[in-house]
Amino acid sequence: MSSLTSPRSVLIAGYSAGFGAALARHFEAAGYTVIKASRSGDGEQLDLTDETAVHQWFSCLDRDYPPLAGVIHNVMAFLREPLLSTTAAQLESVWRASVMSAFLLTREAVPRLESQGGGTLIYSGASGSRRAGPGFAAFSSAKFALRGFAQAVAREHGARGIHAVSVIIDGLIASDKTAARFPGSDPQRMINPDDLAAQYLELFRQPASVWTQELDIRPMGGSF
Amino acid sequence: MSSLTSPRSVLIAGYSAGFGAALARHFEAAGYTVIKASRSGDGEQLDLTDETAVHQWFSCLDRDYPPLAGVIHNVMAFLREPLLSTTAAQLESVWRASVMSAFLLTREAVPRLESQGGGTLIYSGASGSRRAGPGFAAFSSAKFALRGFAQAVAREHGARGIHAVSVIIDGLIASDKTAARFPGSDPQRMINPDDLAAQYLELFRQPASVWTQELDIRPMGGSF
Amino acid sequence: MSSLTSPRSVLIAGYSAGFGAALARHFEAAGYTVIKASRSGDGEQLDLTDETAVHQWFSCLDRDYPPLAGVIHNVMAFLREPLLSTTAAQLESVWRASVMSAFLLTREAVPRLESQGGGTLIYSGASGSRRAGPGFAAFSSAKFALRGFAQAVAREHGARGIHAVSVIIDGLIASDKTAARFPGSDPQRMINPDDLAAQYLELFRQPASVWTQELDIRPMGGSF
Amino acid sequence: MSSLTSPRSVLIAGYSAGFGAALARHFEAAGYTVIKASRSGDGEQLDLTDETAVHQWFSCLDRDYPPLAGVIHNVMAFLREPLLSTTAAQLESVWRASVMSAFLLTREAVPRLESQGGGTLIYSGASGSRRAGPGFAAFSSAKFALRGFAQAVAREHGARGIHAVSVIIDGLIASDKTAARFPGSDPQRMINPDDLAAQYLELFRQPASVWTQELDIRPMGGSF
């Protein structure tokens, strides 16, 4: 799958100006038609946690775009909050943004990908996908859930050509937003969004004999 | 904490006739007042995923029962269903029963336990808490989430006396219900509910210098 | 197995004045005959990495002691050393003390235990059994190896009654030796050797329907 | 590091006709000078577990080859043997081939790589690096050890430019040797050595902002 022999689309869910834009550049340069979706901002403005909306949108995609090659789930829903001040609404909102959206997209994408002989699903995780630290009851719980979901998809649909991958992003992705949210962080110790986008593209290109299910990524010298 | 010097309560959430009853017997024999809650059946009939209901109920507990020593979360919410036929409602329902209930109970219990010098929170997991197999996208996603939640509680509140444990129940608990659901299973290869209840009691009794955060349990010779 | 109906022995390998002595007290109080072995110090002075010596010693045990109920492997072989100043001799010595000794003891013990209907093997691990940090190339490599070894024993001989457990001791065990080696450590944040010994005894007592394969232990509030 | 600006060497330890040759082709095509070593066969015939021999050989490499860019450790030392019939000599031999060789090569390579601004070390693992099954007491113990070793190297030397990676090869690599050893295996479900070699090359090319520490690889539909 190292080159596209016919037009294919890739859907970026949770599109953002930083890493989302880098993904779009890299996949477009590789010949993919890029479809962007987010709650607000560039691309299709869509509530990815709304079952009906997601279902109808995929019908439009079928009509308007080349066949799907894969989906990149990049909805972040970051929350650091002490357990006792976390609200039920926050817990649910973080889970819904992370997991319900991934579920709805996957359920729509899988039959379409299988009808094309397969495809790639990438779920963006974080350090908190494997280790739940203080302040991350809601966030890590959702990221653990997403990691388990990705494993189940990989094991259930792998033999039918579905390559489901968790990327464990164990560091901060450099962006204006990151600089504002984590002031004092050293940009030299951050993940370059273009470098990361290139890694995602490599996952789409992995031949069927060498599939990765879980890829950890961190900057050189990052503690882990 | 190997013996009770004053009356204390333990709350069993997701009480059931099989393992729940065994837990009740063992904790009562050890001197605890047992409070039972489930959606339907014995004990308090309560929607453990309803924030207001749980909050009000804990106020009643404060009035009616000895101080809390801990909570046992045993809401199972088992689902085996192919990914493509899983509904959004099922995904949410399994998560809500597993994770939202654990969150609501924990948020109420932690301040009460800390005011008593600490206490024990046990979250019942399953094989699917660590490995998500085919057919378990919803179930494992929820169980992964619960495991992450328990870790976050342990790390955030451990130093204040909260002993949060995941028990990974890697096997079937023998009961009439299990026999009906998994016909053909060998009862000799199942977990005895009384044996398991005794292990939960031991976790409540672990001295503060030797706390376990995650306990795997399986019958002799069980594959894993 | 919650009480001994006939005399049984338990072998403590890597016996030491601190935790080893606590183990001996607890198992003797529970009715076991305790057999102690270490390279130097109390008990049998024996090179546990010497195949012939271990083999001959077990023949003596058959003659002199009640049938074996289990083995506790507690050979520590701690080493913190920068990678580049670690010698090949150190790497080998740490591995030999940790892994070769466990292998030789296991190979002798398993047939004896199986002939008695089963028994318990506990391998003492450390934080470094699951996470290899800087300075621990030799130590963690050996502890990872021991953890893998214990898993293989559990899976290969579990159905024949062999209960093989790794205990992940994620903290310092309080002792004079520990105080000298890690000056400034807070004894309140250490593992009490008697508490830990009681946990080991509980593992020997786990009924066959509720076996644990890996038990993590750390003091309240310990970071992990 | 996506292209070579000056001549660099890569050392393949445990060179073999199948995967080793594929690695050599891919790295040579990418501009690297390939240095091959194995106990017997193509390339330098060298006992990689002999401290003096390895040390002297690196002195020769300094003289005869371009500066090192990295090392690929691919010494397999496969053994499937029941625990009770495994000999101490086998346990040691498997460990020595897997771990001692990795240690000796790493200790020589790290200072050389650091003097060049960094480099890549890849340690080839297997399914048994993470899960120790029956029959694999010796093999998995050694592969667990190697995984721990790689982690320690990554954490200790990552900030100085050393990118240490474990590749978890979770499947059979197609070759004549594999076909002979595992008759009846479906070549369609095997890892293509050229595909795998390309993945190793990608790891060498990962920019410093997106390093992977552990990469699992399996063929499409492989069970795990």
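The first chain written gets the first letter, and so on, giving A, B, C and D; residue counts start at 1 in each chain.
Keep in mind that, in the parts below, a contact is a pair of C-beta atoms (placed from the backbone, for glycine too) under 8 Å apart; a residue touches a chain by one contact, two chains touch by 3 or more.
Just so it is clear, the model here is predicted, and its values are computed rather than measured.
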Separation of subunit D from subunit B in steps, with touching chains one step apart = 2
Of all chains present, which has the mean Cα position farthest from that of subunit B?
-> D
Would you kindly tell me how far, in whole Å, the mean C-alpha position of subunit C lies from that of subunit B?
-> 30
Averaging C-alpha coordinates per chain, one finds the centres of subunit A and subunit C separated by a number of Å equal to 43
Where does subunit B touch two or more other chains at once, residue-wise?
-> 155
Chains grouped in pairs wherever the two touch, ordered by label = A-B, A-D, B-C, C-D
Note which residues of subunit A are touching subunit B in the complex, please.
-> 51, 82-84, 86, 88, 91-92, 95, 99-100, 103-104, 106-107, 110-111, 128, 131-137, 140-153, 155-157
Subunit D residues touching subunit A - in the complex, by the definition given at the top | 118, 155, 158-161, 163, 174, 190-192, 195-196, 198-199, 202, 206-224
